[in-house]
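Structures are listed in the sections that come next.
Below, chain A partners chain B and then partners chain C, in two separate complexes.
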Partner chain A sequence: MNDSLLSSWVEWTPALLDGLWTSLQLTGGSLAIGIPGGLLLALLMSGRSRVVKAVAIVLVEIGRGMPALVVLQLVYFGLPSAGLTFGPFLAATAALALTTAAYTSEILRAGLQAVPAGEVEAAAALGMSHRDSLRYVVIPQGVRVAIPALLGFSIQIFQATSLTFTIAVPELLGQAYSIGAATFRYLDVLVLAGLVYLAVVLPAGSITRLLERRMGRHL
Partner chain B sequence: MSHLHAVLLGVPWTLAVMLAALAIGAVLAVPLAAARRSRVAPLRWAARLAIDVLRGIPPIVWLFIIFFGLGDKVLRLGPFQAAVLGLGLISAGYLAEIYRGGLTAVHKGQWEAASALGMGRADAMTRVIGPQAFRVALPGATTYAIGLLKDSSVVSTIGVTDIMARASQDARSTSSGLTPFLLAALVYIVLSGPLAWLSRTMDAKLRARVAR
Partner chain C sequence: MTLTTGTSVVSLRGIRKEFGDHVAVRDVSLEVPAGEVVAIIGPSGSGKSTLLRCINLLERPEAGRIEVLGQAVEPQGGVSAAELAKLRRGVGMVFQSFNLFPHLTVLRNISLPQERVLGRSRKEADARSLQLLERVGLADKGASYPSRCSGGQQQRVAIARALALDPQVMLFDEPTSALDPELGLEVLAVMRELAADGMTMVVVTHEIQFAADVADRVVVMADGAIIEQGPPSVVLTAPTVERTKKFLRAVMDR
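On to the complex of A and B.
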């Protein structure tokens, strides 16, 4: 640890923070598209039609069985040959959103199942339609139960944005790698990038655990 | 068909990376979990910090730090060695928490009963607590192993010729974009099938043996 390392770190920080901003945007975009997708899949999986249920389960199993890196490369390098071309950022968002939908569907399904059956019966007894009881009774409570697990998953997706380096998205790792390539000081800059990831992941993890305990008190 | 062949060439490397990393992780996680539960507070904090750092930095960043960063001057490693070392260390962090969960799940009374029978701490650990903790930790560990199989695809970024690397090579050289990636996805899904089955049967067997 000497002055030159510290001054280099100070010099590189703005570029890495730019990268971090891109990583966070990717995380936000994937979650904003993926979680509603996951909720839809969860509703289909707990639906009454057997065919729909089977299709949803197969989709989720495939989505969770594929490594995120494979999905990413498939969307970016594979889909253009099928006539669908995305830019790196869009491809990254689409791929991570697909992974998010598959994983969060299981989290949300568990949340929806945690809503007592008596509440659904009560809603029916009050003359609510199936759709209304989902909209006003099951979904609001089920999603609330799922929030800590969803936050935990969001942290994982934030970490997974580092994979988009492979399709040339200028996120945190991408920025660190270009600095490394320009200065030949890979170790110094990659360690700084690692610290930036930790600076996001560790506090986020503590907040998630805190929330989990808080919510656990009332449920 | 040639696409499938190209992708299958990567299977031994994917499995080798995953199994070697898992082996390293399973061993290193033992002292880490023990330190995490130690009665010496600084040891506990150090273990906690190590686990947080191992799990908090994305795998691909760890691999780059080891392969490009350390490989630059400190320690020269081939892609495979760097991949196994990186994923092995990360696995140690995750497995340590899984082991700890297993140990915590064993009722305190078991320790008391063991000591009332005159067993030392080591004996109690290996004969009474350990076997019960193992049963609790097993499903978590196999789930982690399945996750590791998929996460091992990141080793393609440092030049290990695993399933992922073979698929993208094939896609580039034959310019037939979609097929190689879909096949790679299929191979990963097929490989994780037996693992999931193994985990379920082992769990059921162990459960039957201790069930009351």
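On to the complex of A and C.
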């Protein structure tokens, strides 16, 4: 590793950190919208109405079946033809939120199903309404069971934000690409970008595994 | 609401419950007057738990009429959420597997249903919960999580949780079957006190001694039907039905 590479990395770091901040915002936004959406889909799928269940399943299958890149392109380049125009950041958030909702609905459904039927029965026998039983007994425990898997998925969504460089969102990869285009030093700048992704993903992975071990308590 | 002795708290008429091709309960009728302690015994698969679960409609019978505290429902005609809530309000239930909410402390387990079902304030609910925890001998356990309690303690919490809603009748579905004999005793002690206080109780149990000591009436079920019933002194010591004799011999031999 020579001095010019190191000094270039130091020079590029602020721009990449700006990009990282955008990536993290995108991740946060997608999860903040997508996970509640996933919970809603999970509840609808385990509901009683057949029509509602069918609609939820179709949404989930579309969200999981279509590659995130396709959803992204569809929202950004496709929807304007239908009169819906979003800026790059908003389009990226919407597309990734949809993917998040579809995938996390399965994770959350498994979590909700892990709550013992006996507890739901006890809530019913106590006279609690179906709604209260969901709100106070099933959802708190189901979500808790799902947290490690949700964190694992969140890491994947963080990585998937790099796809949004294709619609000109100035996130981490987008910033690296711009520097590469200006300096023609693609290899050097992409290695640095990769290291920045790693610096986020590796600790996040260890935290997930730590939580996985801890969440077992009181369940 | 207080009921004078003699009024039926629970009245079952012609209850029939099927699971697929299997008839679990066939046309059973049972009256439980206020203040009575009824023990339902019988071999496994005889339909006793299913019958008990029909009382608060955890199972919907295919035929029959259920009357609890003067409110009648015919489940095969459909039951509204409001009717269900009203019926269950007067009926407490304790399960074999305790079914406490593991993510809530013991105190919250008892207070939450009071807040949601009876609309008590948190302060009122907690005061009642503490009073009941004391009654079941667990005054110091309020802040613990269920996983920190023994099975016997969990079952006593479950009893307190049901009592907190001021039920007029308590249903017990094999409350000691999942417990070591020693821990079972502390649960039975609480149930004895409850009976002595005049609570109307329907208890599905394998504890013949408890039935002998505490029950006013023993109901014997086999193959989904009541085959014999009467005071424990008669049914448990001088049964007239051959199937009852066989069952009691099997239980005593254990």
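Just so it is clear, the second predicted complex is superposed on the first by the 215 of 219 C-alpha atoms of A that agree within 3 Å, B and C clash if a C-alpha of one lies under 4 Å from a C-alpha of the other, contacts with A are read in each partner's own complex, and residues count from 1 in each chain.
Here is the rule we use: a contact is a pair of C-beta atoms (placed from the backbone, for glycine too) under 8 Å apart; a residue touches a chain by one contact, two chains touch by 3 or more.
Everything numeric here is computed off the predicted structure, so don't read it as measured data.
Q: In the overlaid three-chain picture, which partner chain does A:144 touch, first (chain B) or second (chain C), both, or neither?
A: So A:144 only meets chain C here.
Q: Is A:83 touching the first partner chain B, the second partner chain C, both, or neither of them?
A: In the superposition, A:83 touches no partner, neither chain B nor chain C.
Q: Is A:136 touching the first partner chain B, the second partner chain C, both, or neither of them?
A: So A:136 only meets chain C here.
Q: Could you say whether A:128 touches chain B, chain C, both of them, or neither, answering first, second, both or neither?
A: Once the two structures are laid over each other on A, A:128 reaches chain C alone.
Q: With both structures fitted on chain A, tell me whether chain B or chain C touches more of chain A's residues.
A: Counting contacted residues of chain A, the larger count belongs to B.
Q: Kindly classify A:65 by the partners it touches after superposition: chain B alone (first), chain C alone (second), both, or neither?
A: The first partner, chain B, only.
Q: In the superposed arrangement, does A:162 touch chain B (first), chain C (second), both or neither?
A: Touch partner of A:162: chain B, not chain C.
Q: For the complex, which residues does chain C have touching chain A?
A: 56, 58, 81, 85, 88-89, 91-93, 95, 97, 99-103, 112-113, 116-117, 145-147, 158, 161-162, 165
Q: Across the complex, what residues on chain A touch chain C?
A: Residue positions touching the partner: 116, 118-119, 121-130, 132, 136-137, 140-141, 144, 217-219.
Q: In the complex formed with chain B, which residues of chain A make contact?
A: My answer: residues 61-62, 65-71, 73-74, 77-82, 159-160, 162-163, 165-166, 173, 177, 180, 184, 186-188, 190-191, 193-194, 197-198, 201-202, 205.
Q: Which residues of chain B touch chain A in the complex?
A: Residues of chain B touching chain A: 52-53, 56-58, 60-62, 64-65, 68-70, 72-74, 150-151, 153-154, 156-157, 164, 167-168, 171-172, 175-178, 180-182, 184-185, 188-189, 192.
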